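Here is the structure we will look at, set down as structure tokens.
We just call them A, B, C and D in the order they show up, numbering each chain from 1.
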Amino acid sequence: MTDARAVASGAPTGRGLTRDLRRLTGFTLKRLIALFLTILVGVYLTILIANMGGRVDDLRMVQIRGDVSETVRADPAFHDMSSEERNELIQRRVDLEVERLRLDQPFIVRSFDYLYRAMMLDLGRAEQMHSDRGAREVYWIIVERLPATLLLFGTANFLVFFVSVFVALSLSRRYGSPMDRTMIALAPTSAAPGWFYGIFLILFFAFVIPVLPSGGMVQAPPPESSLAYAADVIRHMLLPVAAMFLSQIFISIYSWRTFFLIHSSEDYVEMARAKGLPSNLIERRYILRPTLSPIVTSFLLMLIGLWSGAIILEQVFNWPGLGTLLFQAIGHRDTPVIIGSVVIFAYLLALTVFLLDILYAILDPRIRIGPN
Amino acid sequence: MASTPLLSVEDLKLHYRSSRGVVKAVDGLSFDIQRNEALVVLGESGCGKSSLAKTLLRILPRNVHHCSGRVMLDGTDIMALDEERFRRDVRWLRIAMVMQASMNALNPVVRVGEQVAEPLRVLRKWDRQRAMRKAAEVFELVGISTDFLQRYPFELSGGMRQRVVLAMALITDPELVILDEPTSALDVLTQASIMNVLKRIKRERGTSFMLITHDVATSSEIADRVALMYAGQLVEISTAGEFFRHPAHPYSKLLMASVPRLRQEQRPAHIPGQPPNLLAPPDGCRFADRCPSRFQRCAEDPKMFRLGYRRQVRCWLFAEGGKRP
Amino acid sequence: MRAWLSGLLELRKYPSAIIGMAIIAFLVGLSVYTVITVPYSQALELWRGGEQWRMHPVNAGPAWVDRLRGGGKPETMVISSADSDIDVEPFEGGQRLRIPLEFDYDYTAFPSEINLFLSTPELKREPFTRLTWIAPDGDETPLGGHRIAREDRVSITQDWALERRLGHVPHVGLLARDLDDESPQVQPGRYTLVLDAIVFDEDARIDADLVLYGRVHGLAGTDHQRRDLVVALMWGTPVALAFGLLAAVGTTITTLIIAATGVWYGGWIDATIQRLTEVNMILPLLPILVMVGTLYSTSIWLMLGVVVALGIFSAGIKMYRAMLLPIRQSPYIEAACAYGAGNARIVLRYMIPRILPVLIPTFVTLIPTFVFLEASLAVLGLGDPILPTWGKVLNDAQSESALYSQYYYWVLSPAALLMLTGLGFAMLGFALDRVFNPRLRAF
Amino acid sequence: MNTSPPSAAATATSETPLVSVRDLRTWFELRQWGFVRVGSVRAVDGVNFTLKRGEAVAFVGESGCGKSSLARTLLGLHQPTAGVVEFEGRSMASLNSRELLDYRARVGYVQQDPYGALPPFMDVRRILREPLIIHGIRNRAEQERRIRKVLEETRLSPPDEYLPKFPHMLSGGQQQRVVIARALILEPSMIIADEPVSMLDASVRVEILSLLRRIQTSHELTLAFITHDLSTVRHFAERIFVMYAGRIVESAPVEELLNHPQHPYTHALLAALADPDPDNALREREVPSGEAPSLLNPPSGCRFHPRCPHAMSGVCDVDDPPDFEPRRGHISSCWLHR
């Protein structure tokens, strides 16, 4: 008995923790390697799609030739050349440019070069666009827009996530109540994406009853004090966040409610009830905790979905984020920016997936320790 | 009798709704359990025996339709207590339970030690140290190494998990432990060793047991008395000696004859027919359809007839016995 | 089969399922009607726009909305010379024609535009005509003279000299009761536009059509290119349904078969499929579609192909895999192996049918997702270049700042149809989910 | 009944056992990420036995002792890692796919969980037709005739009542009859029944076991009956193989084994088993300590030695015990018989 007491009073806790930490580190490393490979393949696929075995190169050749002849013709220094001489000069310059861009090498070779540069986040230079500070590097153009996107989507997602989980928990307690039925009935409204609700919200709150701005991130000119600036950004965020919230919340509540109902009929929940535990403890430790990993998974999957949706929602609300950037790049046919955005999206998604894995392992000992 | 029984159940009913109608899972049960007594509730699957356990601990399914009756624990009607009182005073402190399918009875993401100590921490407000010490004690009692306190359920074998669940039921020293098919998924050797643990606990601590099972052979390992259920009703309550040696109800007789025995030449026989549908149980005796000694009166519903000391049988064949003083 | 039937019968208990099915039936009916009455080639031709729409107003709202609100906005009026009594007065080497174009104007609002279309078929010398506008009170306004080409349009609205003379735009000034009023009222009654023409031919003819463009038009109104939106709204239905259905079928079936194959064979095949799924998970669908649309073509069929291709290794595989793994272990599969069922038979006949009930609701709810995806692409300006779709209407509205100009109908009608589609399928899908998903049945 | 070979062949083959298994090993490789090997589970690890035609035998052991893996290996569902399985004198490893399909028709399989063993989306008719279709019997009338015949044999009559039913509409006993009918429909010469009654109610168990036994005798089938419950064996098998941790530790005719158990493990099993008796409550049973070993890493020497009350250090924990024959026809692999 004394022996048992010594064992029970602490030592194994420490041992258990170090064991868990060791396993967790190993798991994280493994996932990192796997994810790195995944990104590698994903980005390479993106490059392949973007170049479709070199078709973009043809476009670029045409463009280079056009640009060169333009500059040559416009330069008064070459005006008195004969047309043959001029053509020769143009050809030389084109060749030089082709060599500089290494367009003379086979695509497959360059594709790995592109891959290397994309992995190093060297996304090249934009053809038309530039960042607000004037940089032409795609990387800077994108990085400048990223915070706006993160702010908007982060806020909306967290709102949807926490509100839905907590409403769902309370609904699963009030199974069959009028509130419960209403939520079920409202769930199909989530078939429409956020931008769709955005249009209605703009219609009502910016035009029919003009109380909120119809788009943008901050009024022009922006307010001087940072407090007023923040308040103005929040005012501009209201409609897009509401749009995303509306389009997601009911389906989220519905699925969480069902999820919790299913899990609250697990044997161990029944056991906890039989054990006389109070219901808030049961909810916290017996319903939420064992199901945290699927909850987090679906939250992150929702994030992934919304990343994609960002493009159009930002466009509808004229929000100066990655989505609008991509939209503008389409308008300018600025290929490097488009490809760069896709790569950055891929990185963001990969990061999300990685977070998901690690959270999974932290939350669920079954994954962390594993049945070997 | 002079002493009040530990648990006394009168006319307990539990009906629940299903998509096809109301299922009368428990339909008017009355029995009692004395202190330090083990009552075995025997019955085939679907006869309502698991619902009985859940009704006693008031962990009812969401689709309950009707639940009534009196459950007296040491003289107080615990069915009349409100939910919060019941939770704080009765659950686990006085009646604990070992669930069927212990595989899933443990929270997969909480270390087993904490789960076992949890009732003390929550209901008795013990501090962690003290609760864990007690947990280590019960682990010893049920025969698990205290190293396992820090393990997660999925790291344990089925037998170990079953012992953990048993430890959890014993940690509050309850007066009554309800065991719902505690060993049905386990191997013969593990089964026997868990039955040994139960016997020891009963002997050393004077705990009362209610063992719910369909396995006649295992039930005899611990039974002081046997209650046989059929289609939501009790058909016979006897002392173990009488039930296993001289079953009274025709169903009891057939059931005993159907048990394969290792040390007996006689070949087991099966019971023809099937149990009735609990959605619409037949009028009259529910076993009549399958009963070899059926006669006219079986069309009426028999009541429990008294047959000797603490022995009752729900069969018209014993109607005379019931009239005897 | 019987299980399916009883499942479908069960659906009757869910009002949302019935509403959903009614909506879907309506949409399908509308599609069939559209495809039959307006053939594909004709729809494309109509949607291309141009001269064929010259008789339609620009950005007119739906008529029924105005009538519901008790408004008296005019619809388009066409007064044709074919219906009027033409005075013919021959002279040497030609004739003098007097064509009165009479009409009653009883609307309370002014038209949005006035044009006169003239055509003089087979004339060698261009005739000359002088126009006079006669109001109900007898006031005559000369509109000047014109030499008429073979096909000619006299845009009375854009007659700047006339506008200066009247003090209002011509389509207001010509119909106003009192020109000095800041906001003039319509003078109701019979108007006449008289064409006095001199033609230099014996049996010459002049066809004239006076068009007073309305402020409302038909069921759905018109857009900035005078196109009737009914065409786009109607044709948008079969396009949306076909896209949604094909994309849903394409992704679901391929994904399911791949997941089942992976689960059945296990080992490196499963591992490869899993890794591919992970790669696919980090490929963002919409940006890639945008990229493909920008770099190659925005044909709806190419988009469909890309959607399906990217959908094959989608996250759905993980879901199906999780559902199929326990099925792969289930005794009935083992039994099938023991009596000699082959791999293909096990995958197609034993594994897939088992999860079909769970799949059908997912499939139904997937359809609107793709419908909205197509609309999203169109709103981004990557819609199919030639097909009329709801998304394109939204895109036009967006780029013409419809909301700012208060052309709400332009946004609301395609949005309503999109919403209807979304709701219809989602309502049915949710009900199906509750009927066919055994885990949900109790709830 | 019509599967029995022509009489000339019968005399020739009556000497050769139906099934002969020599040093059979079925190991399962544990892999990570689908390709990295991290170890093997030795589910069946050196098993020898022969089964005669028309014989009913039982394999008894705790769960995880490899008895189900053995059954699956015999059924050709797992590839043996090493060793030989011969069926009618032919090694299974030498069969081509056509012959393997024929073999599958010759061996029927009855599983533990009758509900799980039936595809829930098929009705009884379809369930019984499936094996026929797979084995090329496509004539509808012939299919129907065979289906009705097996339903009669398994006492599911009248057949018309059961044919259109789906598994969930049947009781557990009826489901198991359908499973047995499916195992019989290809007219096999052997049936492997893996815990056929452990998920059924006590009152139905005897019925199903009797049915299996009756079919076995009337069709002169070989019945390999796998169970963890010794008490059901007595009346339904002629010979018993006791398995422990991937090996057969003892084999003998039923009465012989029950009355004169030789191996300590068999002793323990018999001591742990209760017949219903009120006196059971008064005594504790002798149970060996510990649990069955992990098959990933089985103990050296005799696999039972860590739990054995008679273990001799230096012997039992070092060398594998060979098969001894302490009594006639009674084989036990334990160093005590040395």
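Miscellaneous remarks
Operating definition for what follows: contacts are C-beta pairs under 8 Å (C-beta built on N, C-alpha and C of every residue); 3 or more make two chains touch, one makes a residue touch a chain.
Nothing here was measured: the structure is a model prediction, and the numbers come from that model.
Among the remaining chains, the Cα-based centre furthest from that of subunit D is the centre of C.
Closest to the middle of the protein, by Cα centroid, lies chain A. For the pair subunit A and subunit C, the distance between mean C-alpha positions equals 32 Å.
Work out the mean CA point of subunit B and of subunit C, and you get 68 Å between them.
Averaging C-alpha coordinates per chain places the centre of subunit A 55 Å away from that of subunit D. In subunit C, the positions touching at least two other chains are 442. Among the residues of subunit B, those in touch with two or more other chains are 62.
The multi-chain contact residues of subunit A, meaning those touching 2 or more other chains, are 175, 265. Interface residues of subunit D facing subunit C in the complex, by the touch rule stated above, are 31, 33-35, 72, 75-77, 100-101, 104-105, 107-109, 111-113, 116-121, 123, 130-131, 134-135, 164, 166, 179, 182, 186. By the touch rule above, subunit A contacts subunit C in their complex via residues 34-35, 37-39, 41-42, 45-46, 49-50, 52, 55-56, 175, 184-185, 187-193, 195-196, 199-200, 202-203, 206-207, 214, 254, 258, 261-262, 265, 301, 304, 307-309, 311-312, 315-316, 326-327, 329-331, 333, 335, 338-339, 341-342, 345-346, 349-350, 353.
For subunit B in complex with subunit D, the touching residues are 38, 44-45, 157, 159-160, 187-193, 195-196, 199-200, 214-224, 239-241, 243-245, 254-256, 258-264, 267-271, 274. Every residue of subunit C that touches subunit D in the complex is listed here, in rising order: 2-3, 266-268, 270-272, 274, 330-332, 334-342, 345, 350, 353-354, 356. By the touch rule above, subunit A contacts subunit B in their complex via residues 1, 3-5, 7-9, 12-13, 15-16, 175, 265-268, 270-278, 281, 285-286, 289-290, 292, 363-366, 369, 371.
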